[in-house]
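Provided herewith is a single structure, encoded as structure tokens, for subsequent inquiry.
In order of appearance the chains are A, B, C and D, and numbering begins at 1 in each one.
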Amino acid sequence: MTANLHLIPLLPLLGAAFSLLFGKRLGKNVVTLVTCGAVAAAALVTLQMTFILHHDLPPGGALVDTFFEAPWMKAGDLNLSAGLWFDALTAVMCCVVTVIGFLIHVYASAYMEHDENYTRFFAYLNLFMGAMLILVLGDSMPVTFVGWEGVGLCSYLLIGFWFDKDANATAGRKAFVVNRIGDFGFLLAMFLIFYHTGTLKYSELASHIDGLHNILWLGLPVACFAGLLVLVGATGKSAQIPLYVWLPDAMAGPTPVSALIHAATMVTAGVYVTSRLHVVYEAYPQALAWIAGIGALTALFAATIGFAQRDLKKVLAYSTISQLGFMFVAVGSYVNGSSNYASGVFHLMTHAFFKAGLFLGAGSVMHAMENEGDIMKMGGLRKHLPHTHATFLIYCLAIAGIFPLAGFWSKDAILGGAFAAQWDVKNAGPVAAWFAMHAGKIIYGVMLTAAGCTAFYMFRLYYLVFHGKFRGTHEQEHHLHESPARMTVVLWCLAIGTILSGFLGVPESILPESLHHFGDLLGEWLKPVVGVQLHEESAGQFLGFAFVATAVSVAGIGSAYIFFLKDDGVRAKNFVATFPRLYRVVFNKYYVDEFYNAVVVRPLRGLSRILWKFFDEIIIDKLFVGGTAAIVNGFGKSVKYLQNGDAQRYVVGVLVGMALILRVSTHYSAAHAAQFHVDQDGHAVTAVPQNDAYTTNVRFKVEWGDGQESDADSAHPRGLKHQYASSGTYKIRLETTDSRWQTTASRSETVVVR
Amino acid sequence: MMLLEAAAHMVDPSTISTSSAPLILFWIFSAVVLGGAILTIFQTNMVAAVMSLVATFFGLAAIYAMLSAHFIAALQVLVYAGAIMVLFIFVVMVLNKDEAPRPMRGLITKMIGAISIVSLMFTLMPLLDNAVPGGVETPSADFGTVANVGDILFNDYLFAFEAVSILLLIAVIAAVVVARTHKQEVVEEGHLAEHEAMPEATIEASH
Amino acid sequence: MIPPTYFLYLAALLFAVGAFGVILRRNAIIMLMSIELMLNAANLTILTFGRIHADPHAHAFAFMVIAVAAAEAAVGLAILVGIFRNRRNVNIDELTLMKY
Amino acid sequence: MSFELGDLSYALPILVLVVGGLLLLLMEAFSTGRSRAYLVPMTVLVVLASIAADVSVWSQVGEGGHSIMSGMLEIDRLSLFANAIFLTACGLTALLAGAYMQEHRFEFGEFYALIVFATAGMMILAAASDMVSIFLGLEIMSLAVYVLTGSWRRSPKSSEGAMKYFLVGSVASAVLLYGMALIYGAVGSTSLQAIANSKGAYVEPIFIIGLLLVLTAFAFKIAAVPFHMWAPDAYEGAPTPVTGFMAAGVKAAAFVILIRMCGTAFSRSELALGSTGWVSILKWVAVITMTFGNLAALRQENIKRLLAYSSVSHAGYLLIGLIATATVGNEARGPLLYYLAAYTFTTMGAFGVVAWLGRHGDERLQLDDWAGLAAKHPAAALAMTIFMLSLGGVPPTAGFFGKFYLFRAALGRADLTWLVVIAVLNSVVSVYYYLRVVTTMYFREPARESSPLQSRSVTAALVLAVIGTLLIGILPGWLVETASSALLGS
């Protein structure tokens, strides 16, 4: 069914164009009205489309809007159209993006009020929304890629909005290099998929998937490579190991930008795209195991880094990385022919609410603290910022997974899925098979730990910011005030979303009979698109999982309480005091002295430290960023030598190139033809030269090693045959002579005749 | 010129002789060609260099005549040794600068270049041995005459002939454009703080 | 009779000498002359092969090459005069305003 | 085969240009002062007339080819499509040049005749089906461009660039001629068709040597590494509109004749594939070219040199398309032509913005000069951003579809997969330095006042280039179909 889908991305784009062109003349109020209005209108259209999708179409239906009809680009087998596509998955993503985007716009209109580049900021925000919606709505990989590059560019513009000239150059470079690696993966995946299936449309992929499945490269189906390349793209955008490093640095942008880009929209693109291309992964489920593994590792690793961060936004940044890891685990948890995509999308949605809220709450705090971000200088803000405090607490409880908030339901769905996951491993050895059967349990354990850590560091943050004594300067204390109403209202809206959105995914099994049709709404909704619903589990299982998860979370919160709040933070102070010695003092001392340090904090911190050092400093900083710089520098030197301005050197360049080309191409034809392999059939042995069928003028001579020789000067030898008289080991030597260039070459091979 | 005609006569296909006289002539002219060429590239005196080049071209004309390319041989003398070299002499006189003796720069580069050239020759030379497996065909009687070549030039090569006229037109424009000075530019010279222009007279002489 | 290969050898050597001239001498006029040598070497090759194939078209080709060489020399010398006007010398290894 | 008067109707686009060029010369000779202002519109008129002739001949020739001028030229859709590319470049150059020359005070009317003649040379080159006409077309184009490069007489850089370009180019010409002589020797004819049909000649070693020398000479023209070293200097020295003309037109012409030669004379698989085939050589040249070009561009502070190195790397991508023609033939020729068309608009536009920025003999070429441009001249900054994104291959610009289409064609051969991977990696890296220009314009404080050219013709050229870049990027269908029907005749 066709519909006016193009309105959804077009409205924000028009808003951007309008405010760029006329914004300065018309003033802030008009700009606010237009840009927020554009997003609101987009949200309304989205809701209308969702309604149409739900009411007028059978399950699995989709709305389409082809703006360039089928022979948009046609040549040979290439026949593409470009358009938008709106199905259940798109609907969820679109609603999240537009609704939360709208709230953030409203918040930003107050937060950025005094910025001199207000108009430009809102134009960029709208531009970003447009690009993100194109990404989500695209009906084929090229269209998605338009949005993919678009959000990258806009995020560059938005993060750079407050850039000092040089201070953040390194951070910018890091973000850039890392994202380009991701783009590289996505582009290659696109070529690969197109080449082997002949289509790039999501709706047609399923019926063409055989091309990816049946063709082998290096003994693996092409789908494996395509899947892993998409994964490279996804890890880049969604900040997973090893490409996560750009995200914490990107916190330099204004806070609403962090909330929009780094919580609700762009970073989820990786999760979205992997879910979109689920057909590719189902053609080769082992690729999903990689996703789950990377997700689990990231979740735990980023959570442990969260322990030690002092900057409010950095903590949230690592928490985002960690939560995205949860989503990746969901997408990667494969069992019985499908994966747990629905849970991934569910968590994506709930996370969008509470993480956007956390960022905006942080913005509110920093607003009150005159842009101070160090949590060690905060404390006791509860009294001064009542609304911010209340909503922040709700978000924290949600992210920690406390019943009945959204995070509880979505995290549980993921953990349950991970526990049950089993990857089909065909033709695997015993170890791999065991691993495929049981890796889910391991991942479950890891995720549980990560969940506990999450609760711990989030409440560490919460206690340090809102409880205890104020640790900042007097002026700051004097200045403390609650944010304007426009901001607190948005905070409360997000809090309501955080409370309610979880109920979209309540498992059917725990509801009473009469309420069954309220069970697992989201899973049912997504079922026609991604194939499965949230993992089916009995009420007992669910309660078991829920109990364990909640216990872990409560333990995390409790330890944060003991550690940072009880006794007025004495332990925290002790901790801070012993902090520098942490690495020097013997392990046992901690074992006796500080239970936490020894059992929980230190190993985890150690692990995170190693990983951090390894990925961040060695791989990314040294290898990618530094390596790039080194290559470029070294290269610059060589260019300086070559390109010294002397025309004679340029002539020499031409001559050297010419001589090399002549030499190489004439000299190595014999050597090239001399490569051969041996076919053996009992005593009959055939030496088959590597024949590219274009080897002309080459004479072949074979010494068979038993004193006999044969030769051929046909241009296309099918191989030279020989019958050995007796068993034994023979050394076959093939000699080639190129009569044109008067060159010879030879190679030997040993053959055992039985 | 007498020598030239003699050479042409001796290798004329109708009177191929088994004597070694043509071969000796060939050696002589080859020596003139290569010797002139080598002198050209090693002279420091520019006028002498140009004169060596003229010698080379004369030698080449004789060699062309040996190949029965009478028309081209004449053209070589007229156009090359005549017109083009006069142009060179002219420019040399105008610039009137001999190369100041100073050590060569970029010796390594030059050596690499020399090695490349030698390598090229080593790849190419052996191949020239078998370059003509079919042997030399006997040309028709009017091969290489003005009538013969002219006929081709104005039939098959008419287009090429016209194209060359565009080329020569471009050369003329080049000379005009680069050598001419606008009065306007001279006036504004100071304003633009560029290198100072040559005196008017010198430029007039150069084209 | 002279083996045609001799002419080809002569042309190849002439080409090499021209190439040497281009890379060894810094005086732009000499470089231009060396390029003329290379063009003449190619021309000699064409004429030799024309003789071998008894094909008068080679002569027309050679005629074109001579004309092109004349035009090239004229353009080259014009550019040279332009250079001289700006810098007062024609040493190619001193033309290094632009590099890297 | 001999000359017939009817042939002229097929050569109409070239004739129009040559006659137009002569008219321009006359106009210049008899005009004084003010009437010079008519030279730009006149040039545009000539270009439009030639385009009209081109279009009419396009429908006339149909799918086949017409051998005209005693077999010197082959008028087919390939050559006609290429003509449109050259004419676009020529027209945009003329529009840019008028105000540019006036601003930097080296106005002279012969300039327009020269670019028109150079374009005629490109057309002859693109249609050439005989080694004689290849050589002549190449020389007409090259000599005119050498003169144009040196046409800013008082700028020492301009004459220096011209001298370097001329010297290295003449050596390449000599190499080309020597290679042609060897091929002629092996085959006994200069016609490409005769070369393609001569069976015995392929085994001749001198034929292969000749082929390699010819390829070397054209590798120089397209600025493939290591024959590229003239390019940055000549690009920097030349007046900026001429630089655009060189980057777009000369490169396109060289590629079209390469397509023609590789599709006829050198099309035998024994010549193309195999260990001494041109495919195996060009593969390496392509890899080195794109990698070197990109890495060298990363550190450039001078925008013209940056674009020069970027043009080197684009030659590498284009070579991949050329290699693909060896096996998939026409399926790779379409993408190659599409890419050339996209590249023409983009690169003319980029150099157009560069030309637009300079004032009073000061060209503003350092990246620092571009800082903060977006604040004062948002439209120009946006245009430059579009060109940069297109060069980097970011959708929805023409450059993205060009790459997509080209690489897809190259994937038609399994053993080119690694080449495509390297190319994609390179294009990913290249975005870094393209975006550097963009971020300089948007994020940095203006370092100095700029008051760029106020000229309607320059604005028109930039607008045309932006429209071209976006239009064929967003709606590539028409151009793709036209390009893929631009087949070799015969």
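Heads up, the rule we're going with is that contacts are C-beta pairs under 8 Å (C-beta built on N, C-alpha and C of every residue); 3 or more make two chains touch, one makes a residue touch a chain.
Computed from a predicted model, the values in this text were never measured in an experiment.
Centrality annotation: D (chain centre taken as mean Cα position, compared with the mean over all protein Cα atoms).
Sorting all chain pairs by how many C-beta pairs they have in contact places B-C at the top. The distance from the centre of chain B to the centre of chain C, with each centre set as the mean of the Cα atoms, comes to 6 Å.
One inter-chain figure worth recording: chain A and chain D are separated by 40 Å, centre to centre, where each centre is the mean of the chain's CA atoms. One finds 30 Å separating the Cα centroids of chain B and chain D.
For this pair, chain A with chain B, the centres built from the Cα atoms lie 66 Å apart.
For chain A, residues touching at least two other chains, in rising order: 636, 639, 643, 645-649, 651-652, 655-656, 658, 662, 666, 740-741.
Looking at chain C, one finds that residues 18-19, 22-23, 26, 32, 48, 52-53, 57-58, 60, 64, 68, 71-72, 75, 78-80, 82, 85-87, 92-93, 95, 97-100 touch two or more other chains.
Residue positions of chain D touching 2 or more other chains, listed in rising order: 132, 136, 139, 143, 146-147, 150, 153-154, 156, 159, 163-164, 167, 171, 175, 185, 205, 209, 232-233. The touching residues of chain A, when paired with chain B in their complex, are 646, 648-649, 651-652, 655-656, 658-659, 662-663, 666, 740-742. Residues 11, 16, 18, 22-23, 26, 30, 33-34, 37-38, 40-41, 43, 46, 49-50, 53, 56-57, 60, 63-64, 66-69, 71-72, 75-76, 79-80, 83-84, 87-88, 91-92, 94-95, 97, 99, 104-106, 109-110, 113-114, 117-118, 120-121, 124-125, 128-129, 131-132, 134, 136-140, 143-144, 148-149, 152-153, 156-157, 160-161, 164, 167-168, 170-172, 174-175, 177-179, 195, 197-198, 203, 206-207 of chain B touch chain C in their complex. By the touch criterion stated above, chain C contacts chain D in their complex at residues 15, 18-19, 22, 28, 31-32, 35, 38-39, 41-43, 45-46, 48-49, 52-53, 55, 57-58, 60-61, 64-65, 68, 71-72, 75-76, 78-80, 82-83, 85-87, 92, 95, 97-100.
Across the interface of their complex, chain C is touched by residues 131-132, 135-136, 139, 143, 146-147, 150, 153-154, 156-157, 159-164, 166-167, 170-171, 173-175, 177-178, 180-182, 184-185, 188-190, 232-233, 236-237, 305 of chain D. Partner chain A is touched in their complex by these residues of chain D: 163-164, 167-168, 171-172, 175, 202-203, 205, 208-209, 212-213, 215-216, 219-220, 225-230, 232-233, 269-270, 272-277, 280-281, 285, 295-296, 298-299, 331, 334, 378, 394-396, 401, 404-405, 407-408, 411, 420-421, 424-425, 428-429, 431-432, 435, 439, 442-445, 474-477, 480-481, 483-484.
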